[in-house]
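First chain written, first letter: the chains are A, B, C, D, E and F, and each begins at residue 1.
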Amino acid sequence: MSSALPVAQTPALSYGPLPGYTSIVAGIATPGVAYVELARPLRHNAFHEQLWDEFPRIVVAGQGRNFCAGIDVAYLRRNFLALEQRPPPASGAGGGGGALAAGAASAEAPPAGCPGMQRAAMRRSILALQEAFSEIERCRSPVIAAVQGRCIGGGVDLVTACDLRLCSEDASFCVKEVDLAIAADLGTLQRLPHIVGHGAAMDLALTARTVDAVEAKRMGLVSHVVAAAPDGAALQPRPVVAAALQLAARLASKPLLAVQGTKRVLLHARDQPRVADGLDYVATWNSAQLLSSDLMAALAGAGAGAGSAGTPRARL
Amino acid sequence: MSSALPVAQTPALSYGPLPGYTSIVAGIATPGVAYVELARPLRHNAFHEQLWDEFPRIVVAGQGRNFCAGIDVAYLRRNFLALEQRPPPASGAGGGGGALAAGAASAEAPPAGCPGMQRAAMRRSILALQEAFSEIERCRSPVIAAVQGRCIGGGVDLVTACDLRLCSEDASFCVKEVDLAIAADLGTLQRLPHIVGHGAAMDLALTARTVDAVEAKRMGLVSHVVAAAPDGAALQPRPVVAAALQLAARLASKPLLAVQGTKRVLLHARDQPRVADGLDYVATWNSAQLLSSDLMAALAGAGAGAGSAGTPRARL
Amino acid sequence: MSSALPVAQTPALSYGPLPGYTSIVAGIATPGVAYVELARPLRHNAFHEQLWDEFPRIVVAGQGRNFCAGIDVAYLRRNFLALEQRPPPASGAGGGGGALAAGAASAEAPPAGCPGMQRAAMRRSILALQEAFSEIERCRSPVIAAVQGRCIGGGVDLVTACDLRLCSEDASFCVKEVDLAIAADLGTLQRLPHIVGHGAAMDLALTARTVDAVEAKRMGLVSHVVAAAPDGAALQPRPVVAAALQLAARLASKPLLAVQGTKRVLLHARDQPRVADGLDYVATWNSAQLLSSDLMAALAGAGAGAGSAGTPRARL
Amino acid sequence: MSSALPVAQTPALSYGPLPGYTSIVAGIATPGVAYVELARPLRHNAFHEQLWDEFPRIVVAGQGRNFCAGIDVAYLRRNFLALEQRPPPASGAGGGGGALAAGAASAEAPPAGCPGMQRAAMRRSILALQEAFSEIERCRSPVIAAVQGRCIGGGVDLVTACDLRLCSEDASFCVKEVDLAIAADLGTLQRLPHIVGHGAAMDLALTARTVDAVEAKRMGLVSHVVAAAPDGAALQPRPVVAAALQLAARLASKPLLAVQGTKRVLLHARDQPRVADGLDYVATWNSAQLLSSDLMAALAGAGAGAGSAGTPRARL
Amino acid sequence: MSSALPVAQTPALSYGPLPGYTSIVAGIATPGVAYVELARPLRHNAFHEQLWDEFPRIVVAGQGRNFCAGIDVAYLRRNFLALEQRPPPASGAGGGGGALAAGAASAEAPPAGCPGMQRAAMRRSILALQEAFSEIERCRSPVIAAVQGRCIGGGVDLVTACDLRLCSEDASFCVKEVDLAIAADLGTLQRLPHIVGHGAAMDLALTARTVDAVEAKRMGLVSHVVAAAPDGAALQPRPVVAAALQLAARLASKPLLAVQGTKRVLLHARDQPRVADGLDYVATWNSAQLLSSDLMAALAGAGAGAGSAGTPRARL
Amino acid sequence: MSSALPVAQTPALSYGPLPGYTSIVAGIATPGVAYVELARPLRHNAFHEQLWDEFPRIVVAGQGRNFCAGIDVAYLRRNFLALEQRPPPASGAGGGGGALAAGAASAEAPPAGCPGMQRAAMRRSILALQEAFSEIERCRSPVIAAVQGRCIGGGVDLVTACDLRLCSEDASFCVKEVDLAIAADLGTLQRLPHIVGHGAAMDLALTARTVDAVEAKRMGLVSHVVAAAPDGAALQPRPVVAAALQLAARLASKPLLAVQGTKRVLLHARDQPRVADGLDYVATWNSAQLLSSDLMAALAGAGAGAGSAGTPRARL
């Protein structure tokens, strides 16, 4: 909806490699807004807690024509299939300090070929990959996904873990895992139903059919569709990224604690759907964090305009 | 959708002040349907259990051009900010009988300025306000919100606690709290996701953007949009109220226990989403309340028409 | 959406009575796809676990012009009302072996007319009916409902227990129970909110209003609407059934374990909405079932095409 | 355990009728400690929220030789059995204001003899009785039960809703309901398993066997057993009451917010057993209420004694 | 505790093979009490729903000197290890009717050696074994375990699924699975913590240490210990079985609906520990089943004795 | 219980500083058993995931005469009270890379003195401290606490997070927080009720009374009490540590996957008390990890001894 999110006044965007990360470039747009561009979102710990916590609002976008094509098949092959013929671990492997490492190595070295050990290792490997996306939820500030082109498999795991989703008119979404003989295990099957409902999630995940931007908007998978760049245009940043940056800047201008509290309380309500529990939680939360400098400023501001008769502006 | 809810045959509506309430006017439309018009929905205990239980169906509407502009900022200032500089309680304060009150007063008088006591009092204050809306859910019969004009902040807390929501074409909704530096704490963050999904609730609550009647219908926030009164028309009651009263009259004509049971079982399912638990609950419920006079009448009526070949009317 | 689900290449469909069942006809369309046509879906144990487990994908459709007109009122009258004047059980009643049966008969024969015993029996009777639909969920493979004409009352209980729902343009849905003085107790009140949201479920169940195919699609109650057969046409199978069979064939061509795991994990997420629990569950699940012959075949196939530059086909 | 709870220095206890209550006498022992003596604990609203909230610590004891003999059978007969032959309500019944009451009366008057209405009324009646005990839990401060003699049926419902339980050596407990053809419905079946475990609760509730003070202590049903008064002695107050009053005085001397927070957080943990949820809740709680005047006083006091070498008193 | 459960007046016990079962002998002791003696409790469907439902009270005991030595290792070897080298299924295998079976066979025949399929089959196999024990819980009436000698591994799974547990002085319990390289998967890890607490369950399950009758009683694992038969005595039935039969007879003499309701409500509370949910459930339950013939008889009886001054017998 | 855990054959124990930690000394006892001795258990990240995962079994003990005297009051004063007068953050503070850090610093620097920001920081601080103890649960292998002397406040938080607890005869336990004006927030209020029941936890946490070793054993807070060292003896290691090391060695000799699976499944059951959920979880778990080298070895060993008539050793 370009009218709601006009792409004029695009914030300047300059960014470069992020120290310590080889698959992310990042930068600052508006003050308080980080921009992260991903090539390989599934690299373990790609989204580290420290990164998230430094910024009030974060925009996530993919590099190039397509947002995210999911897990690299070569990665899958290396990681999971190798389990079948895993060689015995080298005796000196593992870190840790001196005596401890020696004791550990001799005690837990999994017997080569133990199928139970292989499965236990695979379970931990999946849990570790899931963590990369769950970090997005743990980020105190909202994370906005800006999707252009195809968003497939792991890309859907990623965007459903974000708090807000915008896409361009040419975007499409596909829960592709079932076609590669996988039950999606990085979050889509858990988070998508909270967004589009159980029935629609079952439809998308069983059929692996592709959903275009219009249907994604209708389902509630994205909140806004942004016009694609005209053919031949080399707009920088791309319109959907510009719209996401503008939305992020808008959020960055709002009272910080209220934004972060709202995100956290909504995630609490998602995981604990009983309304009475959620009411108790938010009352307890606000008893701690409601009395902020921003509230006093807001009340002062509201009070100042209290003379303007009839307008409900001063109330909420 | 005026065809589904034709505004002809508008029920006569006469009402006046409700004894004991200064901010509500109420009356009877159809027998069995109460009409409540609110000016200040957040007054503690405004919706008292006794009021709800006396009526099978209730319509809630706002007075004047806008449904509800939310919490009065002056109220906020008086209640929350005053906590910061609360004076020591007067020694004779508190009610209760003689010796008891004296013992209590000396024991629990919170030390002036104890920040923990202030927060504990604030938590109880929020919980008490929440109760006013949760009473709507506890009302055994359905409560219908009729929204015209703006429905902001506390207004959304109110309508999401109602069972059915109608709005006029000129209605709009805004989860405004974040702009006043508040994480909404009277129910919106808990109940809205059950109605529009987690993604849309995150969008509305983080951005505080205004949603018009068309989008509210598309999202499922309201079930019907009613044409607004033509300019200059002084229709009484307003069309959306008339439609809500008709809907209430329709519900009032249905078997009472079935309507109340359906409401309660759906609320149970919302709070306990596991289907197996819900199935056990409704089986237990119906084993008590299914055998009603209404069921026997319904079966007798259905049996009477059993001869009409081919029509599925007699089955459900 | 006929373009997405073209009705050309309709699979041949031959079927006949299912041994041991008097109210179901069943057959094989595509290999791996069972077709079940119901006249009386509420017959206890109609969907037996053995039936479901033999088939990877199942299509459920109704016989004749209307999908399902719900519970036969005569059935209701026989079962529930009879409780009121239940005669004392015949002394020789009950099964079991010799001495055991004799001991039981004398011990538990409910005193004629004990209202508590009647209610306990009614509760068990409802639980047993619920089981017939819950079996659909327990079926490891997806079950697809193909709805033409009217789907009323128990019909909605049935289709909400299915995993995917298609309907023809002339289909309509009605949660009719409240009009017959019943709080729907066979699953609609528990499963419908997960599909269309709490607000829409409250609307449909309280008002018992009829929803046509277009609104059903918009709400997410069905995932596709199929064009109805032209007047006078005697298409066999009906277009919506043909579309459902094609969808079933498509699912049958996908890796079996991934399809079944996806269904099960989504049902787990529905019943346990906390995302962290679901992530742990799917990681544990996949650590057991991910390493399948299908995955190896998929990876081999993906690897073969790895040279095709730029296409995200080989990733998910 | 009289050594831990020496009955010397018994607090003076004077009390009398509580205004507005006919079945409770109450008074003040130590400042901040209320004493409530019950004759008829099941009277609806006997424990009113206002009463609880005025006092930091409350002791509950029974009048006379036995703590509580449970529900009066005459009460049961009047309330439940009367449902069977309830006459049509008098036309002028019900309260409320003028027009409202008239409208209600004509709409909801339950048809005489409708078995569904009778059951709905019975369900509400049980819920209302339960509330009287749940109020004890909602009391912000701890409630201590002092049990002497027999504690039967409703008496167990009462004491399991208290936070702490003492008994005299001659006390005994019996979940008697099953013998009167009732599944206990005022809280025992829900709260007792949290105290003594599921297995012991099943044993007590199915067999209705009587448990003496020694076994009650071993099971964890009471935390302390107090020596009974010697034969012929007319100690006032009874030793178990004196011990409970001393314990209450001890609690009353502790930091108020910490005591109330501990009670509430433990109840939260009981109802939401997932440890991670409870940890988040208590962190949120303490972020609001930890910084109290009492904490500062405690830290100051601890600091003062920091010189006393080796004692861990200054740490917790 | 032989005084509480005197073994005099032992009920006569005659029993024989149960038609259709090869590993159970069963009989009637007191009218209304079934006696089941197990040799091989893990045989799938050994406890069939029909068996349980015919009897108000059931006693479970083991044949011979030891109660249950757990899973037969030969069984384990046959079932689980065979998965590793499972041959392709014979083409004609599987049941079902003609065409259906043929279609199924060709579609789902798991590829020989697919490790995912093997794990899926193993999961279903474990779930099926669990069902045999969960049937005990679903039995409406209480099931009493009478344990003599050793109760190991699967024996603990069995007795923790029973409602009441007695043992003889020579009984011992051991959660042995960890020593055979298994995480116990038939219920012990789920049910034991509800009986003895999380800490004690962790102790027993990690260490696999043997617990004797005295410690079992102290932990709450059994409710009573019965004196063992004197050496050389050939008491029939064994004392612990006689005590269990007496207890069963006592339960059989209590009002049936109250006993069954108590069992069911306590199991509900175990699985849904939130007290408020349990209170709503039991209120709904009792609104259906409280008004029984037994209640009226109990009230009549209580009324008759109302003259006996001072005794609390007429109350509960 | 020294007979069960004889302290002869004490494992040799040599240890020293752990690289990177200043408040822990650690070493290897038996191969596969780590020994960790704590001075300051609440240091953030003191128990790092990497440490835990390297060792199959871990013993935790306190240095010196007392196990753990809880939080250092000086720490409390520094961390929480300082919030009240927190100075504005230095402009160059914070880490991260170049431009990112600069953007963050200007955007999120909390306004000095904002009470909401202070509370938000305090909440995060508590959550971080909680993590140090929750790491113990996340450790795949069992963690054993060996308690001598006093275990107070934070010490109880620590030992309740361990899987097994031993103590010496002179040990004592005290949930001390309430006396320092704190609602315990590092886990005791969540984990203790699962171990000793809700009633006993309420008793200990409200009264802050000290529990000695005998009562701790009776409550189930510890599983074994070990004789204290005789006066004047300088046993190294202390007897309770020697007993814990022996227990650890015993666990280390058991099949690794079964031990780790048992721990994890019991923690799952604690957090998700519904038995049916836990049964599904353990079935899924075992379908992945049951087929281990250890199981095959166990079955082979069991098979070898199958000839020994009558002994149930080969079964579980």
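Criterion: a contact is a pair of C-beta atoms (placed from the backbone, for glycine too) under 8 Å apart; a residue touches a chain by one contact, two chains touch by 3 or more.
If you're wondering where the values come from, they're calculated on a predicted model, not measured in any experiment.
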item	value
Count of contact steps on the shortest path from subunit B to subunit C	1
Same or different residue numbers at the subunit B/subunit E copy interface, by half rule	same
Between A-D and A-B, the pair joined by more C-beta contacts	A-B
Whole-Å separation of chain centres (CA-atom averages), subunit C against subunit F	47
Centroid distance [mean C-alpha coordinates] between subunit F and subunit D, Å	34
Subunit A and subunit F: spacing of chain centres that average the CA atoms, whole Å	32
Multi-chain contact residues (two or more partners), subunit B	115, 119-120, 122-123, 194, 196-197, 218, 257, 270, 272-273, 276, 280, 284-285, 287-292, 294-295
Touching residues (chain side subunit F, partner subunit A) in the complex	14-16, 18-20, 26-28, 31-34, 50-51, 54-56, 94-104, 106-108, 111, 113-117, 119-120, 122-123, 252, 256-257, 260, 288-295
Residue ranges of subunit F touching subunit D (in the complex, touch as defined)	66, 69-73, 76-77, 80-81, 83-84, 119-120, 122-123, 126-127, 130, 134, 137, 150, 152-154, 176-185, 187, 189-191, 193-194, 196-203, 205-209, 218-219, 270-273
For the subunit D and subunit A complex, residues of the former touching the latter	268, 272, 277, 280-281, 284-285, 287-289
Contact set on subunit D toward subunit F in their complex	4, 142, 163-165, 194-197, 218, 220-221, 223, 247, 250-251, 254-255, 257-259, 261-263, 265-266, 269-270, 273-276, 278-280, 282-292, 294-299, 302-303, 306, 312, 314-316
